[in-house]
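See the structures that follow.
In what comes next, chain A is part of two complexes: it sits with chain B in the first one and with chain C in the second one.
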Partner chain A sequence: MKQLNQTTMRRLISIGMLLILVILFTILAGAGHGKFFNFDNLIEVVRDASVPAIIGVGVTYIIITAGIDLSTGSMMALVGMTMANIYAYTLLPFPVMILAGMIVGLLCGYANGVIVAKFNVPEFIATLATMSIFRALTYIIAIKDANGVIKSQPMNHSHYTWLGGGIGKFYYVIMAMIIVVVFGQIVLKYTRYGTNLYSVGASKKAATLSGIDVAKTRLVAYMITGGLVAIGAVFTTARLQSATTAIGMDFEFSPIASAVVGGVALSGGSGDVIGTLIGALFMSTLENGIRKLSINTAFQYVIKGAIIIGVVIFDATYKTRMDRKAKEEGAKEGLE
Partner chain B sequence: MAGQTILEAKNIYKSFSGVPVLQDVHFEVKAGEVHALMGENGAGKSTLIKIITGVYSKDEGQIYWEGQPVEINTYQDCQKLGVACIYQELSVIPPLTVAQNVFLGREPRKGKIIDYKKMNEMTQELIDKYQFPLKPTTVVENLGIGQRQLIEILKGLSQNSKLLIMDEPTASLSGKEAEMLFKIIQTLRSEGVSIIYISHRLEEVYMLSDRLTILRDGKNAAVLEKDEIIPAKVIETMIGKVVDESAGSKKMLHSDENAEVRLDVRNLTDKTDRYRNISFQVHRGEILGLGGLIGAGRTEVVRAIFGVDKAESGEVYLDGEKLECYPKASIKNGIGFVPEDRRNQGFIPLLSTTRNVALTNYDIVEKKGRAISDASELEMSKRAIEAIDIRPNDPDKQVGVMSGGNQQKVVLGKWLMRDLKLLIVDEPTAGIDVGAKDEIYGILEDLAKQGVAVIVVTSDLQELLRVSHRILVMRKGDIVKEFKNVEVTQSMVLAAGQGVEEEA
Partner chain C sequence: MKKINWSKYSKPIILVAFVIALSILRPKAFLSLDNFSNVLWSVAVIGIMVSGTIFVFLIGGIDLSIATLCALSAVVVVSVTNMLGGGVGAVLLGVLAALVTGALAGAIHGLIITKFNIPAFLVTFATQSIFLGLAMVLTNNKIVSCTAPAFTAIGAFKILGFPLPVYFMAIIALASWAVLRKTVFGRYVYAVGGNPVASEISGINVRGASIMCYVVSGLTTALGGVVLASMTQQASAATGAGYTNDVITAGVIGGVSLLGGEGTLPGAIFGAVLMGLLNNGLNLMSVPSTHAGLVKGLVIVVAVAFDAMNHADQSKKKVKKFKKTKDTAKESA
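Entry: the complex of A and B
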């Protein structure tokens, strides 16, 4: 009795969801120039999915350990604003500015990791608190005009803004995303660290008994996320050619949403980076299609939220069913 | 065959929050022997093992490995010595493959990248060697409990350990799988590997072990050589001969067959096969004892009757009426349930006696409009306190800070406020001092006199004989024995629970 592996099944479901959405919008919003289904627009969809996917790699790691990070959006703003300060007030070269952004990202991730893994503060509360702290720090260091009013800081030097572009339509952010996703998937599937992430998520007790340093595994996942948030911040500011306090407003939501849609179970221990990429593409397709249909954009948040609830409910019932099946089969064997 | 002493634990003491669990325990394993460790539930077997494997720290005593004193503070310490433990609770990781589980934390690598090919080959070699029905690349979440247990065993075997500890390894194995395991144990022994074998199943212990250490109440009861391992003697030692002759170890059961049937359970069967085709009756005024080993399915059966978990099939009748089994209906129908896990399921630690008592009784507490009347709530809790002498007798006292015995009285007290027809108590006196135990038995007996049918699930044999009018023994999900209107001893009940027939 050969049954399809749970993981493969879930992958097929998320790919199916993405395809259905693409077909649906092609029918509703049409194909051809200026419509939904054409090369330029589809590239745009991928471009929009890139930053959530990059951050999503780290968030995937965290969720696999049965954790969560709500602070990625604020962290992104803080990194962006740090770089804006260097841009506005110093003559330091751009690589140094980006390096400083990276360091801030890693420090934020380290802070999350320490609070969660060393002090055992529940992830949800810990990162809810740091979400508020990082956002507030962003306001504190925000660039102000002569009257002390916060202003948006242009970051439009051509040596920096080229990062927002690409080779023709092949944007650098897409390249970066592909590199991060491939690398992220390899680390997850082919290194001890990746295996440890799954073990920690499935059972912290069993992981400890197998000699895995649970705290370190979790801490590193938060730091990786911090680093990736910084990369996301670089591409976002380069694309917007400015830094504002509002940057990253949606970036706590979209990486988590991408992971969940892509089959990374919030209960931990399952899912992978490729799934999250599919999820990110799904979310950006949804956004893009809704825009093309000229539906009030506020609705997209309703639809996104509803989809996530639906997916979580589906995953939970599906998992319960599969687990029971495994147990029943085990029990049957026991009867022999 | 057995050689020098490989592991020795001397003068081990351990207590949990003041309650001694191990007292001056000695334990010694020789190279190449299968050493069984037995004892009743709570005798201290698991605690001793957890001290040896570094999960718990000992209060006093010394462990020697190959003659040298060693400090084992973590599980890694014991692995380094060459000790592997196959725990009773499964510690496999479901989303990983069989091979990933076997080599978790010890994966063969090329540089930083895990060498899956080599890992799978190494796992396959092990599987071939021991002929397990497994494939290295299967994801564990698709496997049944029995196969997961085999992975656990494989993990222990893969470490080339000198000493392998197996805690109830056959608990979730099928007959075929268990036989496979027995063969492996014999192979390992001939290779010079020592095995500590913990099992409740006497027949396995007789068959496999070279020596047997028996613990009783946290102390050494006996170390038996192979030719001394005789069922009657082992059971006697586990229970304690001294106790055997004193009151409470023998009892004349007397159930009144003519009394009206209160509870009638017919063909109750579990979804996941933890019990099957369970049928029995309880009469008015009868205390039915449900005995057997932990994991025999007793708790699951009574939970299904109360309706906490749903049974797959079967019916339950109370006073001739068919019941819908879910807790709210059960409470309304006059069934009370005192769960096994008192602290997590029996009461709310942060609430007062009054609130705890009222919690299950809001349907009968007086109300002013929709609001609960504080006075009537308080009056009810005062009645409960008076009826069964809950101490401290302050209705506002947080239940969480009270003694175990009084906590249990609060749990019982809330049921006493209702018009009960059936009361189910699961391990009613676990962790309760002797005085309070007697009081709780008194409460149960009073209830029975009033015509309430009582079911007592207990692993404490003395208690089972003390309170029961009739005894049913469960084993592996079946009722295997009924004792009624006969003189019964602890040994007889224990033997029935373990599947060893013994001449009475």
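Entry: the complex of A and C
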């Protein structure tokens, strides 16, 4: 019962942070046409949050097992560039192209999972390495012009770019995000795999002893992330109507930051997908608001970094306080 | 028949193999005097940085902000030097300002990480973005150049045929080695990395020692930035790009465990030499820098996987040994 109260509390805090941010930007950047607070712009915020939220579902699984994935941005570029190659050089139908992208995403996730789970390389260093490997592979397979200079490959066939649009303002990427988040939450809360994720995150030793295949659980989490990254890459390239080597630069932090803001503890074993969705909305509101304030782009890096540190510090202090409180209350009950 | 312990000689063997391979593949380009000094410069910058960041690795931490802190301090030294007119005094003050920037950055890392008990990679991943932003703000996102002779001398001045940065590296590496091997603080660093809880209980100021390690790392990173700026006679937000991976890789292939508590300075310097050669080799083989990430990433994965497997082997051996002694004790009883 206590645990439930704590999770509800944390959920309310993340919703509160999101609301405060929205109110703050409404005051600073204004409401009305062309400003921050209006229907079109708020839909835009949700649209921008969709890809980080989709990928964030997989990253949430990984973080729940006490892992991390820094390679999602580069992976997205690699998937995008793979599809661009098929687009440019073959006459294969678009579903086949997307399928190929999915396979590349799953393979990338598999590579991460094997390095981490089978070879026991620390997650952040393994995915830091694959981050540069995937990016380098993207450059290697990048499409070049006659002089050998890398160019951005247009992918503007209407049979593909419709994915970047939507029914009116209800974009397909938002629909996909809702489906992925709902499905992700159900898997996490109501399937054995979801329970295993929490067990592995709480204690790898205890999980092994209770018969959970820890390596497989982690490997699958990385593969799910790979698959979701591929979905993110499809929507990103369809929206940009092109594929470049720069896709996903500095992206890898968004799903992680979303998860942390949403209450997924980096120490593993707690948090859920809905929290990450709120976190993704928080991050995209932040970026949109800063853009609307038309602050120098350089300052955006500073503000983003500072806010992430602030949130992480908050999360750490909040967690120690709650742990202490739970302990004290437990001691009290023991005395009575 | 005595078994030769190959792992003991693996480092020199790798190094020699690398040099031979490059001499065969690119004999003219690799074995020239010009190229030799290119390698030296590259090694010096990585060597200077890894001599400080090894302290962070040894306590089980990490610094992902190396590249952008390098950029920020490069920008600071160039801006201050230009602002004060470019004389010797201006250069000295500029270098001082850059070093203060580095030390401050390190202190902030250390304080946040130890005070709130947050993973180091997360804090430094966030500060990476902050430093990049600050470097862009200071330069207005342009390249600032400085050709004052007193400034360019830092990177180019030669004594006995060797450029100054090589001497910097030698001095800093020696100092770092002495601190790690001969001082109480050095012992503390290894103890904290090996087992922070036990260190705390045995009366070591774990927090103070950790903060100190991050400050040292910040200082050497800043010095690396100064040397880089002086060598290229310019600074921008892109100065030092790629050095985070290079420095971490140098440490890891030098046998420094990222799990903390293990590794030596000579090992790290060996790693720096190998990274310098690798960079040079990729350059000579005309591998574009955008593709080099593939090779370097693979090197990191393989080196760390070896380290992790080694650890697993050792703990298995320990368990076996423990069981054996337990059994013999039972038998004798």
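We take it that the second predicted complex is superposed on the first by the 323 of 336 C-alpha atoms of A that agree within 3 Å, B and C clash if a C-alpha of one lies under 4 Å from a C-alpha of the other, contacts with A are read in each partner's own complex, and residues count from 1 in each chain.
Here, a residue touches a chain if its C-beta (ideal position, glycine included) is under 8 Å from a C-beta of that chain, and two chains touch if they have at least 3 such contacts.
Since the model is a prediction, treat every value here as computed from it, not as a measurement.
Peer 1: Regarding the shared-chain residue A:210, is it in contact with chain B (first), chain C (second), both, or neither?
Peer 2: First partner only, chain B.
Peer 1: Output check: A:159 vs chain B and chain C. Expected answer is one of first, second, both, neither. What do you get?
Peer 2: Neither: A:159 stays clear of chain B and chain C.
Peer 1: Per the contact definition in the header, classify A:191: touching chain B only (first), chain C only (second), both, or neither.
Peer 2: Touch status of A:191: first partner only.
Peer 1: What is the contact status of A:33 with respect to chain B (first) and chain C (second): first, second, both, or neither?
Peer 2: neither
Peer 1: Tell me which partner A:133 touches in the superposition: chain B (first), chain C (second), both or neither.
Peer 2: Only chain C is touched by A:133; chain B is not.
Peer 1: Return the residues of chain A at which the contacts from chain B and from chain C coincide.
Peer 2: No residue sits in both footprints.
Peer 1: Applying the document's contact rule, which stretches of chain C touch chain A when the two form their complex?
Peer 2: 62, 64, 112, 116-119, 121-123, 125-130, 132-134, 136-137, 141, 245, 248, 252, 258-259, 288, 290-298, 300-301, 304-305, 308-309, 311-312
Peer 1: Under the stated contact criterion, what part of chain A meets chain C in this complex?
Peer 2: Contact set of chain A toward chain C: 68, 70, 115, 119-122, 124-126, 128-133, 135-137, 139-140, 245, 250, 253, 266, 296-306, 308-309, 312-313, 316-317, 320.
Peer 1: Which residues, counting only chain A, touch chain B once they are in their complex?
Peer 2: Where chain A meets chain B, its residues are 3, 5-7, 186, 190-192, 195-196, 198-199, 201-203, 205-212, 269-270, 322-324, 326-336.
Peer 1: Given the complex with chain A, which residues does chain B contribute to the contact?
Peer 2: Going by the criterion above, the answer is residues 75-76, 79, 87, 90-96, 100, 104-107, 109, 112-114, 116, 139, 141-148, 172-177, 271-274.
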